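There are two complexes below, and they share subunit A, which is joined by subunit B in the first and by subunit C in the second.
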Partner chain A sequence: MDIDVFAHGIVAGSLYALVAVSFNILYRPTNVFNFAQGELVMLGAMIFASLTSLAGMPWFVAFAATLLAVGCIGLVEERIAVAPILARSQTGTGWVITTLATSLIISNLVGRFWGPDPILVKPPALLSMDSLDIASSRISSYEIALVLLTVVLVAIVERVYRTLKGKAVMAVAEDREAALLRGIDPGSLGRWSFFLGAAFAAMTGVLAAPILYASTSLGPDLLLKGFAAAAVGSIGNNRGALIAGYVIGVTEAVGASLLSPGYQEAVIFMVVLAVLLLKPEGLFGSPNARTV
Partner chain B sequence: MKATVSLPLLSASNVDAGYGHVRVLENVSIDVRQGRIVVLVGRNGAGKSTLLRALSGLNRPTSGKVTFDGSDITTAPPNAIVKAGLLHVAEGRRLFRRQSVADNIELGRYGLRLTEQDHHWRVECIHQLFPILREKMELPAGSLSGGQQQMLAIAQAMMREPKLLMLDEPSLGLAPVLVDQVLAAILTLRAQRVAILLVEQMVERALEIADDAYVMQNGRVITSGPAAEIAAGAALHAAFMGEHGAPHHSEARQGRP
Partner chain C sequence: MLRAVVPYVAQAAALGAALALPAFVGANSYALFVATQLGIYVIAAIGLNLLAGYAGQVSLGHAAFVAIGAYSVALLTVDHHWPFWAAAVVGMVLAAGLGVLAALPAFRLNTWYFAFITLAFALVFEKMIVEWRWLTKGFAGVVGVPPPSAFGHEFGPRPLYYTVVAVTVVAFILVRNIVHSRFGRAFVAVRDVEPAALAIGASPQRTKLTAFVISAALAGVAGAFFAVQKTVVTPDDFTADFSIFFLLTVVLGGLGTPWGPIIGALVFFLIPELLAGLQSWRMLIYGGLLLGLMLFAPHGLYGALRQAWRRFAPAPPKAGAAADASEAREHPPIAGLALDISGLRKQFGGVLALDGVDLSVPAGSCCAIVGPNGSGKTTLLNLASGYYVPDAGSVKIGGVEALGSSAQKIAARGVGRTFQTPRLIADLTALDNVMLGAYTRERAGLLATALRLPSARAEARRLRQEALGFLHFVGVADRADVEAGEIPHGQQRLIEIARAMMGGARLILLDEPAAGLSMSELERLERLIMRICGLGATIVIVEHHLDLVANVASDVTVLDRGTVLAAGKPAMVFNDERVMRAYMGERALKAGVPA
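Moving on to the complex of A and B:
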């Protein structure tokens, strides 16, 4: 097997892991699985592409503006599509439909506004998509940076959960009512998590754009594979999501090279099904499981 | 203790509360004065836990009024009630079992700005009262014994230096020596001017340490008064015997030494 196949699997897997982490950020305090997450990734890529490639804004300014804008959209989604349902019943599952509806609305509006053509996005200064010929691999400096950055980002997110606010999020995830009795306001943590989870999704879109191009088709693809990474890595577990992202990325790349690119998604979901059949809670246990 | 008549710290008047359309509490009124231990006794299903839940904002009263420390908290959200200094240690402890003892204690002060020194001092107070917790700081809360978990739950509340601490069945499932420790801790807290509202299945033990008592039956308060009088009176007997006069309830049996 070609080392290149493996390397590209890790690159793709890093993106899936980032999508999975953005799912987890939202899921922990709310127990809501946001089906619009893929479209928020896509929206991040599209807004960023427009601001840089079309409007010529500097990389970092566009990056900050994109995260802020999509974070606010996440907050609006929480207020309109999620909070009213959870207010009626904490265990209600109506959010399955409302977040899916949000996903369709974003997808359709973006399609109308930007059209179907992919937009080329250049990597930030000092990095490029040109392949470096190291060890017969055609990986680029940007892709190496992305893989490293993903590991750093997962470490940062995990570090945030070691702060008092983060511990409070974990407390809400474990026992919402018990958290209320300690003066924790789960509603406020939920809103913050929607903002940050959406901003994280947008960042994933920005990081993916130089590799995958910014296009409206980005959403459903990353939603499915990000979901697969979150499920295989145990929902709520970010380190698990990182490893599972690699597993899925490499499986996809190897599957495509051994069989044919047409089968790559089938191969991924065979792996996901096999893992979930053997370990329904995912490979890395669930931090939300009650041990009584 | 001051001789002047002061307003009670907590005052619930004519409170109705329940779950969904099921009304559990009917017209319940209780007062808790500063630095007093008040015990709620009654059979299972009498509405004791529901009353605590109504007071801490988990089950908002459907009618009536609750005031705490001079402000109306009838419709306040639980986090605001906690912030005001009314802490509720729920039945079954409800700790964050996957987080460490140290993290659980730290979560006890969530949203409270404390100086490093203050924080250190409060943790030190907790360790003084419950020395066993000092040794277990890095272990997950779920690995503690029932008695240690109860201590940790009280410790969490102590991080806020509450004005009133409500304890729901703190002795449930504990070995006798640990029950003694928990009751001793309650007395220590009273000595620090913390008011205690106690729901307890060990009725006689609770009445021994309490100042005041309320007897509940079928969602109502049937009698109240100084704990010693209640312990000697007939109402308590009636509450536990039920209408048919058979002492079939575990609470009544466990209440006897």
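Moving on to the complex of A and C:
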């Protein structure tokens, strides 16, 4: 097996880790696992592609506009599809269906708007998708930058959780009512986390676009692999998500090169099942105490 | 009168219409084809409704289980010339078996893991159908699936239609029987209030698994008929859209309602005819419908109809159940279990909740645990009943070590408990909530219940009487047929005690039973606790209300910051200076406030 397979596994794994982190941002204060997250990633890629390739906007302006736009869509999702359901009951049945419905609506609207053809997105200035031929590996400068950026992003997110606001998020995740008594407003945190989680998803889409192209098929694919990374790395644990992302990415690349590309999903599925069977709480988590 | 007749009339009319249809349409007509297909979808939808509606586990990959049934029948009948019936059984078993293998890890986890796993399973399965060309013939699919035959006669469209109707009716009745049994009550308990499921000794994993096996098996059966009806089986038949379609069918008709899947499928088959021009908008409409229904009609069309009907013909007060329980009955004595706790220790992160607590409660006595907030009282109950795992120490129940047993195992040993905030199942009636308590005592198995064998029916009737007796014992028999969510807080507490007694509890743990009760309710509670004690049960009560404690408890243990501050007779303990200081603070003690 050559080093190229491994390198591409790490690149793909970085993207999966970013999706997993966006899941986590949203999950921590709300305990909601957004089934529309994959479509938010896709939406980020599509909006960004249109703004740069079609409207010719500068990279950073388009980047900021995309994050803001998708963040607002996340907020709308929270207001319409999640908050009313959570107000009625905290059990999962309701919001699984409503966030899934949201994902159907987004993906079909986007499909009608943009059509099925993938859009090519160029990496930002100074970086390119041309392969570098270092040590017989055909990795590009953009891909190297993406892997490094992912590590930095995970570190930043972890750092934010150590601030006062971050601790408030953890407190709400732990015990909603107790946090309420300490003057933390779970509702406001829920709205913010949907905004930020959606914006982070959009950023993932923007970063993925030069490698995977912007197309409607991004959504379901990244949803499942992002879930795999989040579950294997323990839900809520961002460093775990990073490592699990690598594990998923490399397993997928190796599996595909040994068997056939058609087995990609099957191999990942088996890994996730095996991990959850042996360690239900994921590789990097501790079982939560139930509270009565 | 009208109310009682309507459901039967509706059922008879639905069945009559279904049976009469072939008389009005040609054997090879499109109408009969669609009607057969409708029946097949209803079979799968009935299973999904049991799983998602009653047990609360949303399957997003139901198409895959239908596909397993369809491919099993197609491959076994075409390539290996098996008879349809044997192949259908294989399809059913494979659908349930493969489904369980995939979903097994998800049952220990949150609901949405299951949704994700089923979604991923369907996706992987769809890919594998294409990948395993040598088995499934890839994109081309399996062609020429022969119709079923019996006694040497091949089934035409009409017999096939009747067979599907028969299977649909059987599935409907079996699932309805299960829903109305202890299994159905456990499904709803696991869906809505998992701690309550543990308290009655029902394992959430096993319960979810049961619902899933039934659901996947029904999907497999539906798939078997799908194959023979279409005669061609291709991977394109079982896309993610198909799974969404099943989910929408159930949500549209009404999640967790008996008629939901049938109404949903019927409406669904009418809509496409109306929306023929909007084919390309289909998935968008599905998404919008799913969202709108969950927000504005969580119980679907059936729920909306029921609500309208109730407004039109309000329910008369039911006298039946209450009258049954009006006569007082003798309750057999209870052989209390002793509780011996020693050196119990529990740490939550940096907080030491309990630090070496000893507690001894002799069989048949009533012991109270008091102490300031945060002193570890509820933690002690949660450790004794298996909800938490202690870091060190021993918990002996009736002389047998209980440490390391799960909450539901400890419950099955005869430990009943109540919660600080009552954990009743809001959607079930008070009587059903009490009957839920008997979960581990009921002997009838799933099959006997589904078939309503005489033994299962006799047992259910006996337990119903017993549950009414316990409702009467705690003094809320008049509420037997009211949904628990509509019952006042104080009475919910009493129903929770009845549920614990119904479970055959010999050691009853009460967590702040007097919180939020009015003065008159408090007196009733006091008398009730004394009566339960009088029957011989052991009671451990965590309580702030010291008057109540002084009246009912023979021993009091005072906890303070995770350790035992004092233990002994109430009168002695309450005059202990250290206890008064811990409870009321230094200043109050100096001011001389009486205990």
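We adopt the following convention: the second predicted complex is superposed on the first by the 281 of 292 C-alpha atoms of A that agree within 3 Å, B and C clash if a C-alpha of one lies under 4 Å from a C-alpha of the other, contacts with A are read in each partner's own complex, and residues count from 1 in each chain.
Quick note on the criterion: a contact is a pair of C-beta atoms (placed from the backbone, for glycine too) under 8 Å apart; a residue touches a chain by one contact, two chains touch by 3 or more.
The structure presented is a predicted model; accordingly, all values stated were derived computationally and were not measured.
Q: What does the overlay on subunit A give for subunit B and subunit C, a clash or a fit?
A: Aligned on subunit A, subunit C clashes with subunit B.
Q: Is A:Leu104 contacted by the first partner subunit B, the second partner subunit C, both or neither?
A: A:Leu104 contacts subunit C only, not subunit B.
Q: I want to verify the contact counts: of subunit B and subunit C, which reaches more residues of subunit A?
A: C
Q: Figure out whether A:Val272 sits in contact with subunit B (first) or subunit C (second), or with both, or with neither.
A: Only subunit C is touched by A:Val272; subunit B is not.
Q: State whether A:Asp185 touches subunit B only (first), subunit C only (second), both chains, or neither.
A: The answer is first: A:Asp185 touches subunit B but not subunit C.
Q: For A:Met170, select first, second, both or neither according to whether it touches subunit B, subunit C, the two together, or no partner.
A: Only subunit B; A:Met170 stays clear of subunit C.
Q: Could you say whether A:Gly94 touches subunit B, subunit C, both of them, or neither, answering first, second, both or neither?
A: A:Gly94: touches subunit C, not subunit B.
Q: So in the superposed three-chain picture, is A:Ala64 touching just subunit B, just subunit C, both, or none of them (first/second/both/neither)?
A: A:Ala64 contacts neither subunit B nor subunit C.
Q: What stretch of subunit C clashes with subunit B when the complexes are fitted on chain A: 4-12, 130-138 or 346-354?
A: The overlap with subunit B comes from subunit C residues 346-354.
Q: Of the residues on subunit A, which ones does subunit B touch that subunit C also touches?
A: The overlap between the subunit B and subunit C interfaces on subunit A comprises residues 290.
Q: Considering only the defined contacts, which subunit A positions touch subunit B in the complex?
A: Those residues of subunit A that touch subunit B are 164, 167-168, 170-171, 174-175, 177-185, 287, 290-291.
Q: Hey, which residues of subunit A end up touching subunit C in the complex?
A: That would be residues 33, 35, 80-81, 84-85, 88-89, 91-94, 96-98, 100-105, 107-109, 112, 220, 224, 227-228, 231, 260, 262-263, 265-266, 269, 272-273, 276-277, 280, 289-290, 292 of subunit A.
Q: So in the complex, the part of subunit B that touches subunit A is made up of which residues?
A: Within the complex, subunit B contacts subunit A at residues 56-58, 77-79, 82-83, 87-90, 94-99, 103, 106-108, 110-112, 142, 156, 160.
Q: Using the touch rule from the top, collect the residues of subunit C that touch subunit A in their complex.
A: Residues 52, 56, 58, 60, 102, 104-106, 108-113, 115-117, 119-121, 123-124, 127-128, 130-131, 191-192, 195, 240, 244, 247, 251, 255, 280-281, 283-284, 286-291, 294-295, 298, 348, 378, 382, 387-388, 419-420 of subunit C touch subunit A in their complex.
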